[in-house]
Structure formats: structure tokens, C-alpha cells
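Common to both upcoming complexes is subunit A, partnered first by subunit B, then by subunit C.
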Partner chain A sequence: MEISLQEIVFFILAAVIVVCSVLAVTTKRILRSATHLLFVLFATAGIYFQLNYSFLGAVQLTVYAGGIIVLYVFSILLTSPEGDHAEKLMRGKFFAGLVAALAGAAVCIFIMVTHSFGAYRIIPGEIPMKEIGHALMGTERYQYLLPFELISVLLLACIVGGIMIARKR
Partner chain B sequence: MFDFAVVTEWVDGLLRSWLPESWAVLAEFFLIGLCLLLAYAVIALVLILAERKVCAYFQCRLGPNRVGPWGLTQSVADMFKMLIKELIQVRHVDNFLFNLAPYIVIISSVLAFGCIPYAKGLEIIDFNVGIFFLLAVSSIGIVGILLAGWSSNNKYSLIGAMRSGAQMISYELSIGLSILTMVVFSGSMQLSTIVESQADGWFLFRGHIPAFIAFIVYLIAGTAETNRGPFDLPEADSELTAGYHTEYSGMHFGFFYLAEFLNMFIVASVAATLFLGGWMPLHIPGWEGFNAAMDWIPSIFWFIGKVAVMIFIIMWFKWTFPRLRIDQLLRLEWKYLLPLNLCNLLLMVIVVVFNLHF
Partner chain C sequence: MEEIRMEYYLIISTLMLFIGIYGFITRRNLLAVLISVELMLNSVDINFVVFNRYLFPDHLEGLFFSLFAIGVSAAETAVAIAIIINIYRNIRSIQTRELNTMKH
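== the complex of A and B ==
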């Protein structure tokens, strides 16, 4: 069987995603868990780069790896004492989690099996940045100005709420 | 002007004639990686020597002068010392994170290093979102520093890491906004296009006032981003021994050290690329003879020269100003640089829309 270089890279990235996702939920220490999550996000960004969608890959790196994970690590540093280990799971909780995970996996697999994906191909060349910008800022069909603005209002509300909680009285 | 694409295409053709397609690509990956790491190490050695010499002259000393003529091989000797030192196993640390942290820091720095256009035809990673990618990968380094500080199980390290994290997150905003100002001006995020479009005048001169403000802000924020003096409080030696890398020894410490110097190089070369034209020679529209004479100097020398000037300015900062306090540092960013930057972005948009630039 002939495997192309692209496929090898894809399988490596997929393996990293699977292994690190499992490690992220099985490890006992919360900061290690955050680090494994970081690797999952890196590998996802790698898949975006492989698909030649470098804008989404860079967004993934800067928002998730550089932003969200730093936020997680910061809050862990501020809140959890040294040598903090997760307590052992109760039996009921463990099974509830297992059932929820299996149900989620079943839904995902069902959708993946029934949905008809387009032809398997990697588009050569990158999508021009202008096109992405117009799609984000346009008001026509398949353009996303309204969701974009809604999210910015949501974020503003979050900031105001954060200041309200944190301010000194 | 000599185009380095001639060399790289020749190597590419040679490899393709010997090997099947995919193996040739793989071999090229390894070759490029090797060249990149080699350049990374050599530039770090040069920078360490330069830092020590510049510091010495600022303080009316001689600096390294025993090993080799003018102390030139001092940093090579230091490198070998660092390489053969023992990696000390610290007890009561989270071993996995402790050993991982230096690699995260160095990988983020090497990735950013790979984006820079060095000379005509010498670009390794040239996405159409190039400058954004560079910002994205350089923001990963913070995670490494935070992990290093936490996993060392040492109060000084933790304080250093927290300071560093707060500082880098804050100043990343200023860096992002000042780069955005220049992206608005150039109309492209691809680094090669940015350099090409400065052929008839560098952006610092063509963008006049807003470009100049963005340049100053970028320099201040870039110095802070690399944790260098006067913003070096994450590793303030007199307060925190060595900050987040106190517990590290041998080459793991070396990685932090290398990444710090190379981040300075990356900041300097991004400043050179965005504002001073990268490898583009100094061109003045209308002066044909002058432009031809400038073209005669190879592009790589232009790049190195500009970066050297920027690095000298950053070092000058370090040995001139005293260290800031953490509250002063954050006030400088949030109360002065950020509003200034936002106004400047608006000014740049006005300049571009009404075509007020040269």
C-alpha cells in the first residue's frame, strides 16, 4: 500500500490528538491536564495548516494556545495550592461520565457516518486573506458580520461583568 | 541584486533528480531545519558576545578579552561549558512539566525565527498571514515560562513566572496593535509582500507620523515582550535570584538563555522588516544612480545591518534605564501605550483612506 507524505503527517497529528485528549482527562494533576490540552490544540492547528488554511491555524494558535491555555494556566497558578491532586472519582460519577462520553461519541460517529462529505482533496494554495476578511465583515449571504458583532457584544458584557465582580467596594 | 532563490532552486532540482518526490521533500525539510538551527545557534553566540561587549563599554569596562582576539571566542567556550554541564535532577518538582517547559519556549522561538525574510529569495515560512503567524507562535512561549515557574516548586520562580506572564500578555496587545497599524498601511500580512512593497521607500518614511509612533511603541513593547531591561523584572537578579529559570541547570537553562537572546533578534528583525524595509535597500524615488548603487550591496547585508542597529538600540535601552516596578510597568502599558496605539491605528486608517502618505 502506498502512503503519501501528507497521510503520514495526518496520522501522526491524529495520533497526537487522540493520545493527548485521553491523557488530558485521565491525569491526576490539573496543570498536566492543561498541558495535554495544549498539545491537542497544537495538533489541531497542524491539521489546519495541512489543509492549507493557514489563517485558521494561526487563529487556533494565537487564541487557544496563546490565549485560552495561558488563561487556564494563570488561573490554576492563582487558585490551586502546590501538590494539588484530583481526588478519586466516586463510582456513580465515573459511570455517569462514561455514559455521557459514550453518548457523545455515538452522536459524533452517527453524524460522521451519515453525512456525505465532499470529495477528499486538499486545495492547493492558500485562501487569500482578502476573501476571509470580506466574508467576516460582509452582510450578504454566507457572510458573518452579525455573528461577529454579537460575539463582540457578548465579550464586552463578559468584561463588564468581570470588572463588576473584581472591583473593590 | 543577487537572488537567493537561484541557490535554493538549484538544491531543490539536485535533490529531485536523485530522490523520488516525497523523499526529496522530506530531505529538504531536514536540510532547512538543520540550517535554521545552525543559524539560530550561531546568531545566539554572536548576540551573547555583543551583549557582553556593549554592556562592558557602557560601564567603562573591557568585557571579555582573554579567549581569542578581542574575546571573540569567549561565547563559543561558554557554549561548550553549557553543553557538558550536568542536568541536575531537582527533587519535589513535577518532572514532566519541568523538563517540558524549556522545549516549549525554544520551539516557539524557533518557529518565529523561521518566518523572517532574511534576504531576497531566502524566506522559509511565507504564509499569506505571515506576520500573524509569527505573532501567534511567539505567544506560545508564555506557556513555557508559566509552566517552568510553576513546576519548579520554588516561590521565586513562581513570582517570576507570574510577573513574566502578566507582562507578556499585556505587551502582546501593544505589539499586535502596532503591527496591525503597519498591516493597514501595507495592505498585506505576507512578509515577502510587505518587503517587496517597500521598494520605493521604507514604511517608516512613507507612513510618516503614524508609522513613526507605531515604530516607537513597537520598540518599547518588543523590549518588554522579550523580558529585557528596563522591563526585566521577571528575572530581576537582585530580587528573585533568576526568576522562572532559577532551578534549571545545564542545557535546559541554556534553552531559556538562547530563547531570550533570539527573541530579541526576532523583535529586532520584525521591526526592521515592517518599518525599515527588511532586506530592501534604501531607495529614493527619482535618484536612479543612487538606487542602482544601493542595489549593488547584497540584500542579506542590508538585513543584517538593520537588525544590528535595532539590536544595539534595544541593548542601549537595557543599560540606560533603571528597572521598572510591576505597577509602573502595567500602568505604562494599559494607561499610556494602549490608548496611544488605538488612536494611532485610527490615524493610520485616516492616512490610508485619504491617501495622505507618500
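== the complex of A and C ==
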């Protein structure tokens, strides 16, 4: 059996995603948890690049890995005292979480593997940036100016809300 | 060029989603819960993109929904962290065990 370069890259990314997500939810120190989340987000961006969506990968890197993780790290440093460890988990809670996650994952993966999605029609190569720009800025069918504006209003509301909630009284 | 089967991507994103759910149930720190939520959101983004790429390659819905989902999750994180910092200011702790009142 011959393994292509695509597959090698995919399996590396998959291993990074699974291992780092498990570490992100099980490690005792919250700052390490945020670092593992950063690696998961990097690997996700790698998957977007592999699927030829470089624009989305770049957005993922700048917004998620560059913006949100910095926010997390700052708030962890603000709110966690020195040498803060997660407390020992109760056995009942641990098994409840494990059983829920494993059962859900088993059901979903079973359905996914047995379901036939039909034939793939993959168009090779990159989507031209011009096409993405036109789709983002148009008002016709399959064009996305309205959600784009909605996101900007939502972000404005979040800025105002964040300042209102977090300011000193 | 040989393409990877679509199910592989879906399995990875499913695993990520349920790892996030496990963390959401078991973590005791508000920020750690938020990190688990972030994992779940990210796995859904992968699903959107993979369905777009493999099943409907001449449209761009999946790409744009992922783009907007990233924006929404950034906004959600900002507000959630503001709330968490406010909680920390009031009760000096962000463990869910000690959060039994919303008043301050």
C-alpha cells in the first residue's frame, strides 16, 4: 500500500488535533490548556490549507490563533492565582462525561461511516480571491453582503457590551 | 492527485466535538469550560468547510458560514471573558463550585 504526501500531511494534522484536544481538556494547568488549544487551532488552519481554502486558513490563523488565544492568555493571567491547579475530579462526574462523550462519538461516527454521501465532485486548485471578494460584497443570490454587515453590527454590540460589563464601577 | 476520503475529515471533527463536550461536562474552571466551547465551535467549522469542498464545490456557502462562525465566536469569547473577569472581581474566584449566586 502506497501512501501519498497528502495522506501523510493529513495524518500528522489529525494526530495533532486529537492529541492536543485531549490534552486541552484534561491537563491540570489552565495556561497549558490554552496552549494546547492554540495547537489545535493551528492544525485546523492546516486542514483548511490542505482543502485549498487558503483565505479561510489565513482568517483562522489571524482571528483565532492570533486574537482569541491572546485574549484567553491575558484573562488567565488576570484571574488565576500563582500555581493554580484544577481540583481533583469526582469519579461520578468523570465517568458521566466520559460515557456521554464516547457514546455520542460512537453513534455519530457509526452514522457517518455507514451513510453514503454520494459522489464527490472536487474542483482542483485554489478558489480565486476575486471570486471570494465578489461573493462577500454582493447583494444577489449566493452573495453575502447582508451577513457581513450583520457581523459588523454584532461585533460593535459586543465591544460596547464588553466594555459595559468589564469596566470598573 | 489522490484526494483523502471525506469521512476522515468528518471523523476528526466529530472526535474534536465530543472531546469538547467531555471538557464542557467535567471542567470546573470557567475559562476551561470556555476553551471546551471553542473546541466545539472549531469542529463545526471544519464540517462546514469539508461539506462545501467535497459535495458542493461550485458554491461558497460553507466557506462563508465558517468565516461568519469565526467572527461570531470571537465576539462570544470577548463578551464571555468580560463576564468572567467581572465575576472574578466580585467573588475572587472563577471555579464553578463557588458560583451560586448571580447577585453582587
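Just so it is clear, the second predicted complex is superposed on the first by the 138 of 169 C-alpha atoms of A that agree within 3 Å, B and C clash if a C-alpha of one lies under 4 Å from a C-alpha of the other, contacts with A are read in each partner's own complex, and residues count from 1 in each chain.
Keep this in mind: contacts are C-beta pairs under 8 Å (C-beta built on N, C-alpha and C of every residue); 3 or more make two chains touch, one makes a residue touch a chain.
Every value quoted in this text rests on a predicted model; they were computed, and no experiment measured them.
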Quick check on the superposed pair: does A:Ala14 touch subunit B, subunit C, both, or neither? Answer first, second, both or neither. second
One more residue to check, A:Val153. First (subunit B), second (subunit C), both or neither? neither
State whether A:Thr79 touches subunit B only (first), subunit C only (second), both chains, or neither. second
Looking only at subunit A, is it subunit B or subunit C that touches more of its residues? C
So, does A:Ala100 touch the first partner subunit B, the second partner subunit C, both, or neither? second
Taking the superposition as given, does A:Thr35 touch the first partner, subunit B, the second, subunit C, both, or neither? first
Applying the touch criterion given at the start, work out whether A:Ile68 contacts subunit B, subunit C, both or neither, answering first, second, both or neither. second
Check whether A:Ser4 is in contact with subunit B, with subunit C, with both or with neither, and answer first, second, both or neither. both
Using the superposition on A, tell me which residues of subunit A are in contact with subunit B and, in the other complex, with subunit C. 4, 55, 59, 67, 76
Residue positions on subunit A within touch of subunit B in the complex are 4-5, 29, 31-32, 35, 38, 54-55, 57-59, 61-62, 65-67, 69-70, 73-74, 76-77, 82, 126, 128-129
Hey, which residues of subunit C end up touching subunit A in the complex? 1-4, 6-12, 14-23, 25-29, 31-32, 34-36, 38-39, 42, 45-46, 49-50, 53-55, 57-61, 63-64, 66-68, 70-79, 81-86, 88, 94-95
Within their complex, subunit B touches subunit A through residues 22, 25-26, 94, 96-97, 100, 127-129, 132-133, 135-137, 139-140, 142-143, 146-147, 149-151, 153, 158, 161-162, 165, 169, 172, 188-190
Applying the document's contact rule, which stretches of subunit A touch subunit C when the two form their complex? 4, 6-7, 10, 14, 17-18, 21-22, 24-26, 30, 33-34, 37, 40-41, 44, 47-48, 51-53, 55-56, 59-60, 63-64, 67-68, 71-72, 75-76, 78-80, 86-87, 89, 93-94, 96-98, 100-102, 104-105, 108-109, 112-113, 117-118, 120-124, 127, 131-132, 135-136, 142, 144, 147-148, 151, 154-155, 157-159, 161-163, 165-166
